[in-house]
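Every chain is named by a letter (A, B and C) in the order it is written, and numbering of its residues begins at 1.
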């Protein structure tokens, strides 16, 4: 029977395909709908936070940092509550990572603050002697792409029904109308920072990458949830 | 055993020995089940790979190729019709049976919950901890406090608690700096959750403020400025906060630490995050005790 | 059908991919050595401004060694051996030749675009799938072209039954095609938002846990269908061919192949143990990983047994050494992986350096060794010259073997130590180590790994030099060697 297959490449290929395709269905489908549901009270990322997430992707922090707290006491003591599936419902892509050269960041917003991040991203060893994390000084002068972040918000709202407000809609004009809100959010972050370049840029209506990144890092944890009314 | 096998196993032994040595030098408890299983796994990897591959490599020395050749031949490559090696075939069958058993009988679908396991781990730990450290003595508290401080607080306050040249609060150089006191006097404060509530802004200004700040920052030693009376109304003449009505500005007591850790603090230096309820009362006390000891002379 | 006349095989395409395998191998391993050194000596992060940090370079390393070096190796060996085991020459079909040339051209375009866009920071952030959507589309085209060339060659074959190597190459083609497509599904935001923002950006079709499942369904099987399946295909051809021995057992080949096909796909969730994926799915990944040991070891054992009684070939022919050691490292990584997939072990191993250690047993000791041995074997036949220097190969072999051993032992110790330190508690039940303690303790191991990188890279440069000399100035051959490759 197998020798017959080996003489009939077409059926051989079909056989291989069936054998390998089968497992994928069993692995991915049963839980698909369940895993798409957000936990109660979870809010989508703001546009500034999305721009920060892009900085996180661009500078590829995932190379060293995970965002997945496993249910072990040693991890919940270090990083806080273990991660829940529904907390990732708005994460496209997921950013769990597969290597912890640095610590987990899934709830880093709960125990680090803007000024700490400012010091740390500028020169990690200034706050953590012995750190091997690179300094990301260029993030203090590079401009974050908030426009593309807005486009992402529009996309996930329209296609995946992510619950954004009515002011997030397609088109350049809608973006121009929305832009001041992003800048205001950036100002609030920059107000807690000391770097002169950062303050100047924000005053000039530009968002330095580090401001967006810090907004994103601060959002990881309790701030991902709607403020209780 | 031949020389090649002996060398291989020696290599495996050295690797495992080095691993155990390094791990031990970091004071790891190898009797912890997870650690133990991991070490057993490591031994299995090293020994089985070396053992089995060298067994076959040895056959290159001792055995000769034989068997019935298949009719086909590809680019000069022939194929024997030899039977499966027995050890391999039985192991394959064995793992398949084991897998089916595991999934259906041994540990059937959904009989394990990782969250349930976490709950139990934490519950067991808490019960043990509360029992053991009901009335810890000074030394225990200090020690416990140090261990927590180094893990949770040192990334901001530094290993020595000196605040890393002004990046966070400095515990070594006295209770609180002049700059911080002035800032509070100017802006008031309403974030630590004391019974008294808010401290109003700008109660004193100018030279008075300077004097008070210098006095508080100096550890409340020497002659008390007359204007300190304003403060004493809430913080007490000794600055200790009148039994928790307001912040203790003379020393780090348990009450102050509890309020700061629970609520976080935004001040002249920057922002300290709130840890909410992540620490138990004993742990808070331990941190307070330890922080007291950081204060230099 | 011309019965006995020897076929004149056409190696144009195999040669082209041989060049790119050497080039990308060098670049990828150079970056690998640099990032290894950066973890030991962080000042090396600032050699190239923002483009030179560990984090930017790491995916460049993985993508250049995978899509550049390994995939070039796969195409080179495929276009070489497929002709021979199917008994057709590419010169016989203008169509196949055209498709293959087009494929190579687009491959060069894609490789260049990959390097440029990744340095600029365009990324989907999914491991081994970082390239943004325009590149993904290009890669799909390249892959389809390969499929067309493959099945066209099979269509005009003279050898009725497919040789084992072909089974594996077919599986490689199908597996990667299916997995790559599903994992890279994304919506370009520019079009979905009415022309706002960057045209390169896209968002994944899946979110959170689902995205993770799809990603590791791919990630794990990328290992299967790029680092395992085609490499097994290679050894099934090059080891018997170089040694002149017949494959030990058809039955073992057969069971190993179908076993591997069936079991591999189920094991992907071992990358997601203790995550938010349902418990039963994790258990499944764990169990199938253990079962997977045997179909993996089956091929390795089959190859080792093929060399039964050939001890002098092992000591005397460095190419045989490479391939026998490759089988052994394949056994090491396919036992280490399953053990790391045991849930209790993974609780320690996951996120630590033990995983890159496991990875490089496979990619250095198995993939790179096998590809280099294959290219060495091909060179005298493609360029009609003997291999430039046997001594150089011998030296290269020992240097690189030392390098792999240093790599995996250092990361083994580093990873286990790190994993156990993260969990360690003091007498009060508080965490014993701050995170930075677990970083600084690794410095010596990171330094050893950097050294191992320098050694492996040195070996690769020796390989490249030997190959270039073989192509250009080694002694010419009058007729094709039947088995053992001639070397000076």
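Simple rule for what comes next: a contact is a pair of C-beta atoms (placed from the backbone, for glycine too) under 8 Å apart; a residue touches a chain by one contact, two chains touch by 3 or more.
Remember, it's a predicted structure, so these values are computed and weren't measured experimentally.
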item: Overall pattern in which the protein chains touch one another (line/ring/star/complete/other); value: complete
item: Distance-maximising chain from chain A - centres being C-alpha averages; value: C
item: Geometric centre distance via CA averages, chain B-chain A, whole Å; value: 24
item: Rounded Å distance between chain A and chain C, as computed from the means of their C-alpha atoms; value: 29
item: Intercentroid distance (Cα basis), chain C paired with chain B, Å; value: 36
item: Where chain B touches two or more other chains at once, by residue number; value: 114, 125, 151, 155
item: Touching two or more other chains - residue numbers and ranges from chain A; value: 71-72, 78, 128-129
item: Touching two or more other chains - residue numbers and ranges from chain C; value: 161, 274, 284, 347, 423-424, 430-431, 435-436
item: Of all residues in chain A, those that touch chain C in their complex; value: 2-3, 6-7, 9, 12-13, 16-17, 19-24, 26-28, 30-32, 35-36, 54, 57-64, 66, 68, 70-72, 74-75, 77-78, 83-103, 128-136, 138, 142, 145, 147-152, 154-156, 158-160, 170-172, 174-175
item: Partner chain A, residues of chain B touching it in the complex; value: 114-115, 117-118, 121-122, 125, 151-152, 155-156, 159, 164, 167-168, 269-275, 278
item: Chain B contact footprint on chain C (complex, rising order); value: 81, 84-85, 87, 159, 161, 163, 237, 240-241, 244-253, 255, 259, 274, 279-280, 282-284, 287-288, 290-291, 293-295, 297-298, 300-301, 304-311, 314, 324, 327-328, 331-332, 335-336, 339-340, 342, 344-345, 347-349, 409, 412-413, 416-417, 419-421, 423-424, 426, 428-436, 441, 482-483
item: Residues of chain A that touch chain B when the two form their complex; value: 71-73, 76, 78, 80, 82, 110-116, 119, 126-129, 192
item: Contact set on chain B toward chain C in their complex; value: 15, 18-19, 22-23, 26-29, 32-35, 37-39, 41-42, 44-45, 48-49, 52-53, 56-57, 59-61, 63-65, 67, 69-70, 72, 74-85, 88, 91-92, 95-96, 98-99, 102-103, 107, 109-110, 112-114, 125, 128-129, 133, 140, 143-144, 147-148, 150-151, 154-155, 283
